[in-house]
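Both of the next two complexes hold chain A, though its partner changes from chain B to chain C.
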Partner chain A sequence: MRDLALPLNERLLLGALGLAGFIGLWTLLSAAGFVPRQFLPTPLDVLSRILSLLQSPFAGATLQQHLASSFQRYAYGVLLAAAIGVPLGLMMGWFRLLDDIVTPLFDALRFIAPIAWVPFAALWFGTGVGGPILIIFAGAFPPCLINAYRGARFVEPRLIEAARMLGTGNLRMILEILLPAATPSIVAGLRVSAGLGWQSLVGAELIVAAAGVGFMMVQAQANVATPTVMAGMAAIGVVGMLIDIALRQGEAWLRRRRGLDA
Partner chain B sequence: MIGRRGWVSLGSVAAFLLLWFVLTSATGAISPGRFPSPADFWVSLKQIATRGYAGAPLLSHALQSLKLVIMGFAIAVATGVPLGLLMGWNRRAEAAINPIFLIIRPIPPLAWIPLAILWLGLGDAAKIMVIWFAAFVPSVINSYAGVRAIDRPIIEAARMLGTPRWRLVSEVIAPAASPMIFTGLRLSLQASWTTLVAAELVGALAGIGFVLNVAQQDIYPGMILVGMAAVGVLGWATTWLLGRAERRALAWNVAGRD
Partner chain C sequence: MGSIRFDKVDKVFGPVSGGVKALDDINLEIGEKEFVAIVGPSGCGKTTCLRMVAGFEPPSSGTVSVNGKAVTAPGPDRAVVFQQFALFPWKTVRENIDLGLRNKNLPSGERGGLVAGALKLMNLESHADAFPHQLSGGMQQRVAIARAYVLDPDVLLMDEPFGALDAQTRVVMQEELVRLARVNPRTVLFITHAVEEAVYLADRVAIMTRRPGRIKEVLDVRSVRQAENWDRFEKIEDVMDLESFVHLRTHIWKSLREEKGAHGV
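Our next item is the complex of A and B:
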């Protein structure tokens, strides 16, 4: 590739120009009245709406309360997906028969978008905590399973042979050989899961929920409160980004500890 | 010949279907109000295929959804891939555009749905906008990464031979980046379906997501399952078509062949 790396100050300048252009265009469109301000509030309107949402409730709760209830469901859904997906993936990587049994079923279900579980989620578990958790689970489960499985399948064969020769049983083989060897792949899968789970959470809350940021946004949409909708988008984006940063840090820490990135 | 693996797979699916039958029709362990029996599923499928449900037969709901996905996906690819190639090729463009991306990217596509409805209403335009957002990001990122991963000697050789700039892009860079671009397209397509179903569930007047929505309100488990099956089949079919296109386009590439 063209290898002239830009000097840092030129990079920063261009980046700032790009951002300024974006925000400037946005402000211009709404402040100059090209687009009715009710439908496209200025960035400043959105910012002040976020600040006011932190204090005064909308749709029954303040922004941080909505975020808290969203996050709670999210954590349950993703943890459940990891708790089932990772062990199942590892076992499928070790027991061929289990692999042959589960894979066709999994492949058949995989093409159903997680969000299509919404009607059953609402029917089975209601709109409180259970319904959204099922949808988050449906979004977060596949990467957990697939990465644990791949990690276990591609373990260095010599490790397995050595362990076999020493008479290691199935359980210890999975816990002490496959699990540690598959950890980098599992962690990468968890990061993908976390992102997809967050995405599914938003979808779930738009459709079946009585609290949470997604619910707040739908209520705002019904009231044509565009600044509140955008405030919700910003909150979702920021939290999603924080989750990703936290997991990246965790991944880097793990790699350092295992001496992979010396 | 079906190998041992094939038989086990077949047995697994058969056992699953049998279990479904036993739990619902035969023993009633799962009540029909919670999950449909195979017979309920069949009745619902026949009803929507012939007499229609939620205002139209299955085929026109499916075509409506398919149309929106294809339109949104096509617009996203037509805008995302060139932008990704540009960002991969031109450091200045990358430096200027990347920060905007960093701000917009963390917002999940589904979070755009309320805004799209506010702006464009419940019709097709809002759905196409949301699908475009969903499919755009993977297209850009993978095209960008694809250009970045090209071996420098290939480009230098082309340069040395005096290849004009536009031919360099169309005949060297785009083909060399195409395996990554196709990876991006596959992710984009998946995102398109998820987003469309969500958007149709939130508000629509036709489409598979709308069928799901009406079936949910009618508490009609058989039809819910038909809707889910339709989503799965459509998602699978479009992914399969994209895979065919990829194999054809990347026939020169050993990695793309299997």
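Our next item is the complex of A and C:
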């Protein structure tokens, strides 16, 4: 960046200013009456809708119940993506044959956006649990695989030579050399995956029948309940931010533990 | 066990025609328990010689063999000590030393004894559970040497092992290596561009030309060392003052200076 970093308190102040400016502009727009209030509620309308959603159910569940249902679905999708993507990426980084087989296929598949999997997932799973998980998986999988692969490929060549000189076999090479060397890259990938998985949530919940924030928003849209739609958006934004903060803390902890940061 | 042989070895980097010729007709035999140092100007291919014995690079033509068998891949019979240590940062000192023994599938009781022996040999006992980044460069290189020695290799390949250390640490490590060579003699191929180091440590010193590297001459240091009884001195500076030492060093120095473009020898 062009400028030097400002002190933390000034940065917090600037961030708050940005947020206040956004809310101010929004209030002005909806108060000016260019748009019917039904389509552009004020920030206060949305806030009070959030508070009421926490107590009285909409589309069969309260906001926190919808969130819990979404989160469970999301966790399955992301964990599955990590459980397959990280080992596969590491193996592709070690076995050239596997790399040559998988990379072209993967390079084609990863450009199919999570939302583009929706019709296919609906055909396959109907309204069952598998569909939404597949869609979240489609969002979360590529960074898991790419970062594990790159991490494994860019291990310092000297370390690989040292390990080979010590007679290290393939399995131990992957588990004890590539995996720890690639950990910073893998963790960064998991953070991106977690974000992309969460962003795929509404797409995934287009095809659920029971609960979830996305489901709630789709139901609200059908009822032209704009404040409820926006309450859902706000909830997704806030929870996504919390997930990212938690993972960032985890990443910093890991770096400290490995002695990378003083 | 532990002889090394270079037989008509050429090495070309890049395409076969139009590539860069790094080594030209290298012939050298290193006997069992012999310590041979290769000196040469930067970029002359001396490290490539070592990497071929290690099995990291194949020769373009000719053969490199250890114990009469052509080298095809890296292995624990040929332990390498790297200039940049190449310790695993996420493993403790003990785990770094233990890895090669685990790969040999030795029972853990036996490994424990061997690791303890290697730690003691290199005066690392109090650092067994430290991570590499917590140690100085000299200590890290001790770990790398312990990791190599514990494998009980036929040959020890040392690629400018003290090149990354400061001058004082370097001297201590050189003396240490002489002590080790007395306690536990090995076939050693030692790459360096430091002339004194080569003369102080080696039985024979091979001098290389600038690229494409050839072996220009091989000097017998051992006969001089024995005749002049260098081993009576504990300290490197006492040996370096001897006329016989100075004579050899100057000879090598001049030989290297003749190599045009030989920077920083």
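Everything below uses one rule, namely that the second predicted complex is superposed on the first by the 234 of 262 C-alpha atoms of A that agree within 3 Å, B and C clash if a C-alpha of one lies under 4 Å from a C-alpha of the other, contacts with A are read in each partner's own complex, and residues count from 1 in each chain.
The rule we apply is simple: contacts are C-beta pairs under 8 Å (C-beta built on N, C-alpha and C of every residue); 3 or more make two chains touch, one makes a residue touch a chain.
This one's a predicted model, so the numbers in the text were calculated from it and none came from an experiment.
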Looking at A:Leu51 after the superposition, I want to know if it touches chain B, chain C, both of them or none. Which is it: first, second, both, neither?
neither
Quick one: is A:Arg258 in contact with chain B, with chain C, with both, or with neither? Answer first, second, both or neither. second
- Kindly classify A:Ala83 by the partners it touches after superposition: chain B alone (first), chain C alone (second), both, or neither? neither
Comparing chain B and chain C in the superposed model, the one touching more of chain A is B
- Would you check which partner chain A:Ala210 touches, where first means chain B only, second means chain C only, and both and neither mean what they say? neither
Next on the checklist: After the superposition on A, what does A:Gly167 contact: first (chain B), second (chain C), both or neither?
Outcome noted: second
Tell me which partner A:Ile101 touches in the superposition: chain B (first), chain C (second), both or neither.
first
Dual-contact residues of chain A (chain B, chain C) none
Chain B partner, complex, touching residues on chain A are 1-6, 10-11, 14-19, 21-22, 39, 97, 100-105, 108-109, 111-120, 122-124, 198-199, 202-203, 206-207, 214, 217-218, 220-221, 224, 226, 229-230, 232-234, 236-238, 240-241, 244
Per the touch rule above, chain A residues touching chain C in the complex are 156, 158-159, 161-169, 172, 176-177, 180-181, 183, 258-259
Listed in rising order, the residues of chain B that touch chain A in the complex are 5, 8-9, 11-13, 16, 34-35, 88-92, 95-100, 103-104, 106-115, 117-119, 147-148, 150, 152, 155, 193-194, 197-198, 201-202, 209, 212-213, 215-216, 219, 221, 224, 227-229, 231-233, 235-236, 239
So, in the complex, the side of chain C touching chain A is made of residues 54-56, 73-76, 78-80, 82, 84, 86-91, 99-100, 102-104, 131, 133-134, 147, 151
